[in-house]
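Please read through the structure below; I'll follow up with questions.
Each chain gets a letter, A, B, C and D, in the order it is written, and its residues are counted from 1.
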Amino acid sequence: MTTHAAAVGRAPMPGMEVYNLKLGMWVFLLSEVMFFTGLIGSYIILRFAHPEHFAQPGVVLNVPLTAFNTFILICSSVTMVKAFAAIEQGDQKGLKRWLLATIALGTLFVGVQVVEYTVLASEGFVPMAEAYHAIGRGNPHDGPALGGPLYGATFYTMTGFHGTHVTIGVLCMWFVLWRASKGAYTAQSYGGVEIMGLYWHFVDLVWIILFTIVYLI
Amino acid sequence: MSTTQHDMVNRAEAGGHHDHHEPPFIRKYIFSTDHKTIAKQFMFVSLFFLVVGGLLATLMRWQLGFPSQPMPGGGVFPDAMMAPTPGGAIMLPEFYNSLVTMHGTIMIFFAIMPLLVGLFGNLLIPLQIGAPDMAFPRLNMASFWLAVPAGILMLASFAVEGGAAGAGWTSYAPLSASGEYTGVYLGQQLWLVSLAVLGFSSLAGAVNYISTVINMRAPGMTWFRIPLATWALFITAVLVLLAMPILAGALIMLLFDQTIGTAFFLPEFDGEPLLWQHLFWFFGHPEVYILILPAMGIASEVISNRARKPIFGYHSMVLAIIAIAFLGWIVWGHHMFQSGMNPMLGTSFMISTMAIAVPSAIKTFNWLATLWKGDLHLDSPMLYAIAFVSLFIIGGLSGVYMASTPVDVYIHDTYFIVAHIHYVLFGGSLFAIFAGITFWYPKMFGRLMNERLNKIHFLLTFVFYNLVFWPMHNLGLQGMMRRIYDFTQYEYLQPLQPMNRFITICVFILVASQSLYAISFFWSLFKGEKATNNPWNSNGLEWTVPSPPPHGNFAEMPVVYRGPYEYSSPESDTDFLPQTTPPRDRPAPAPVPTPQGA
Amino acid sequence: MNWSWMLPESFSTFGGEVDAIYYVILWVTGIVFVITEGLLVYFVVRYRHKEGRKATFDHGSTRVEVAWTLAPLFIVIGLGVASKGVWDRMKRDVPDGALEMIVTAQQFEWHATYAGADGVLGTDDDFTLVNELHAPEDRPVLVYLRSNDVLHSFFLPEMRVKQDAVPGQEIRAWFEAVQPGDYTLGCAELCGTGHTTMNGTLTVHTQADYDTWVAGQVAQQQ
Amino acid sequence: MSERPFGTRYALVAVALLVAAGCGGGEPGGEAGGGEAAPMESPVDPATAGHVSAAVTFSGTAPTTAPINMSSERVCAEKHATQPTEQSFVAGPNGGLANVFVYVREGLGDLQFPTPSAAVVLDQDGCVYDPHVLGAQVGQSLTIRNSDGILHNIKASPSENRPFNVSQPVNMDTNRSFSVPEVMIPVQCDVHSWMNAYIGVVEHPYYAVSDANGSVSLEGLPPGDYVVEAWHERYGTMSTNVTVATGQTAEISFEFTDEMAGSYVPIGAPIDLFHPDGHRGVDHP
């Protein structure tokens, strides 16, 4: 839709200062909020109903690694802001440079997450419920509580969907970068970059919440 | 003025970055970005699904009217649906369950919802607020072309091994979470995927509608000058926007339970079956209002217009819509009174549910008051709209019974519920849809529908509709539970056989009489009386443009001076006063031509 | 064909109260129904289009609208309050000294486990019957509702009892029958292909008969 | 980006999904293979073929089998003169043990056998599966028959083959088949929880179920060394080696004893995560 920025201009209503793309992105993010509310809400309900399924922070999950990953994502938000600031000044080179930095950081985040998943899976921390009975560990009803089926299921679903959002964000960012290289954005028209930023900051925000409730609490 | 100029140019571009040349066929009719074409596409597809859903219902009714008796022509069905016996083909319970499930799913998600939101949302919003098109025309096209594969997947599930989903349209876990409980394996997964895809389609639409209403209104189209149909569709879009993601999340979790073996809803691993119900109804109750609010808006338009009288209490109508949308979020629990949830919660949900009856009451009274001392032109759109009001009253009143928790204990999961939901969704939504299609048909196709056929169709539908669904109240009161393959298994229900047979026969006639509307629809496409710009002497902006409107809709930037329901105003010599007519004391400004107008 | 809006007779202690509320609602909604539909028809006939008729130009009246906002509000609040008491009695306040039994639902049968002669569950004189529910009259029966597989709904129409059975949970439902006889036990929640056959009987005995019946069953088990 | 590719992309998605759905729909039920398979020449030369005759016996105190209370299903109760008992243990007069599934487990190498065109029948008569234990060859069609005229549902829960759960509201037949060998496949009716049966699926015709006398014979085996296994739903499995000589009948015997009661009963093929030793089983009390 990015190309539409130019086409659909400002609203006719006096005092209505948000152009369609930006408005549309805000509206879309509202629905995203509800989506993650649903997932996180289910997590909270399941966790309160079956605390024995959920291990203490740091017992199963690698908190330091993820903390580092969180730092990466926050940095990527900063670089995104930089990119936006650059194009506001009409600085094409800066825009491309900072976009590339954001892409790099986003990709790194996903990469780290993939590594995290593989390690956890190799340790037997998986979403499949039956696996917990197979490996004598993790069955909430016997042995050390390293978490039960609900733990794996909720963990992978929530972080997985966030990871998917980051991945999609990175792909869109490549598209924005490609258009930027075509000089599509100027100090006057930078709608594409702005909504890209909105989305990216949202994804970042969601991660900070997830990190807190899934890893730290 | 300069802003207006600037805005106006942008708005023009919004509507058509393709108006100067005639677009090729595929882009004009298949992959069109014109909101009017997309509206028609939604209409034809969902009317098709409406027929499918109706046929599924008649199959279901056969089993209920003539339990476990060979069905004439049942032989054409695969053995997995109708068992071949010496006497003839007999419906299998698993197929009956699939019918129950798919009838509900298809009617709600693929017929009523796309008709109300997809058809009228696309058709009316830009026209009624004076916009050249949606804010995101391509996203709009995407929304339709996501709905199509979703529908195909849903239908395809009938063909797969194990048959289509059979856990009810609510797909309560754990029944829906594991194939071993139902014998349905791939079918249930297709059901989940299909609805998830449809969810994306609805989201795309909602984002579009909201942005368009907020951003693309013509000068002077203030919030309280927006026609009620658009108001309702706007609020509906907000509900879709916030409710659909919840469903999507739940669907995905259930799909994971089905496929990769998670245990969100599987109690054998401490999953929570009630979690599904809470998630589903947290979406599902707003969904109920998604299915009725636009119908209310359409009825308001038609009633006010055909009564030649301002809608009674425009502001309270708008506020009622908003109130319903808010309250709709805190009443989901009334679907779960008997689910084993804490009785205290039950009470609080009962109170909130009782409260939500009030705005609905307000709207009903306002419609009645609109008719009072009006000048009622009883042509087919008006008849459908009046039927909507009278049947919605019944549906609303029967809702009070199940809102009262003790009474609900008895009637929950009985045919009383079935009667209630059909009085709201068929008597309510569908009659409003008939009204709307008939009313805006000239705007869509430039011709009027066949009045006589419509009136016969209305009469038959109204009579047999009531003969079908009114007795269902009585069945429920006698204790007949819903979704039951063969109620004669219960001794105390066997006396209900005559009534069930009667209902079934009426269903056959009801379904058959729908063909009249189809005939009228297609006949009028070619032979219908040519329509002027404003055949109903209406005030709305959509009636100031040609029928059908060109790309970009408005040759000149419309300027709005008043609300949409100034009928029989002393200010005008006729009995209507279009929103664009400047007040007597103020002369119209020089019209500002838009590019395509020039 | 039975077009009646009367409920079938109820045979439990709270059945009467449930029916009472139902009839109150029936009256209220009935009156509203007659008035609104009546007005609708009257208006349609009275104000149908005639040559020279002009509708009155009227945008509404705040006073009237406030009136018909408050009226339904009070009515429904009244109904709500009335309902709450009965609801709590049916679902929350289980009387003491109730006869306890475990009913386990599974595709597609009801398994009722009775405390044997000693009247205590979990002892070895407990016995289980399929699709047969037995209860003494004039004594509260407390059912611990369980499910082995999917959702079922424990439905005793004549007792005005309905309660979903949820796997992984034990839900309490109770009733007190007021008259000996055979009644219906059914499943009200779609539970699979055999849902339609998942029915049984509730036999209410006099206390004496019940005790002898239990004794007989226990004897049979040994 | 122009509109055309955008639009076509959605078209492609639609088509892809349609195709996917179509393929899903394409697969028929378990019926694949079975009857259609062209009957080929048996690889065994009848002239040289030998036979195995097995005697299955039970020693020790016979377990009590609980009577089945069919009062909830009059139609079926009336079909039985005396109250039926559960069939988990059926012994003959002279110590023979019935309902034991005996089959050649090893020794046939990679011989290919034709799929019999005749179907095996699992009848539901008087709310009892008849037979209680039966064998079928891979791909052979299994006819499930409802002779009661009341609703039954047949739930087969294999771990290797496709599971199914179908219902039969009236007198009717339903055909299914199994595509891979599996010993055994539990079958169960949820409407009448006492109804259960076991199906043994093997790749060759050398299987049989012991009758009340406990005698089993496997006919027409090519000469060679074999491992023959016997399976009983209460006492688990026993296997023995046997050498079949040209035209001879080799005698073998399986003696189940009451000590084996409650021993581990393998059901279905390997890998079940519930059981540490990687085999699913039913643990009888």
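FYI, a contact is a pair of C-beta atoms (placed from the backbone, for glycine too) under 8 Å apart; a residue touches a chain by one contact, two chains touch by 3 or more.
Just so it is clear, the model here is predicted, and its values are computed rather than measured.
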(request) If we define chain centres by averaging CA atoms, which chain lands farthest from subunit B? Would you check? (result) D
(message) Tell me which has more C-beta contacts between its two chains, B-C or C-D.
(response) B-C
(request) Could you put a whole-Å number on the gap between the CA centroids of subunit B and subunit C? (result) 31
(message) Can you work out the whole-Å distance between the CA centroids of subunit C and subunit D?
(response) 45
(request) Round to the nearest whole Å and give the separation of the Cα centres of subunit A and subunit B. (result) 34
(request) Could you give the separation in Å between the centres of subunit A and subunit D, each centre being the mean of its C-alpha atoms? (result) 51
(message) Give the residues of subunit D touching no fewer than two other chains, as numbers and ranges.
(response) 151, 153, 165-167
(request) Would you give the residues of subunit B that are in contact with at least 2 other chains, written as numbers and ranges? (result) 92-94, 138, 181-183, 270-272, 485-486
(request) Provide the list of subunit C residues touching at least two other chains, using ranges where the numbers run on. (result) 107, 192-194, 196-197
(request) Flag every residue of subunit C that touches subunit D in the complex, lowest number first. (result) 106-109, 129-132, 192-194, 196-197, 200
(request) Enumerate the contact residues on subunit A facing subunit B in the complex. (result) 1, 4, 6-14, 16, 18-20, 23-24, 27-28, 30-32, 34-35, 37-39, 42, 45-46, 49-50, 53, 127-130, 132, 140, 148-150, 152-154, 157, 161
(message) Could you list, by residue number, the parts of subunit B that touch subunit D in their complex?
(response) 18, 26-27, 30-31, 33, 68, 79-80, 83-85, 90, 92-94, 138, 141-142, 145-146, 148-149, 152-153, 156-157, 159-162, 179-183, 185-186, 190, 197, 485-486
(message) For the complex, give me every residue of subunit C touching subunit B.
(response) 1-8, 14, 17-18, 21-22, 25, 28-29, 32-33, 36-37, 39-40, 43-44, 47-49, 53-61, 64-65, 68-69, 72-73, 76-77, 79-80, 82-84, 86-88, 90-92, 107, 149-151, 153, 155, 157, 160-169, 171, 184, 186-197, 199
(message) Using the touch definition from the top, list the residues of subunit D that touch subunit B in their complex.
(response) 3-4, 6-8, 10-11, 13-14, 17-18, 21-22, 24-25, 27-29, 151, 153, 155, 157, 162-172, 174
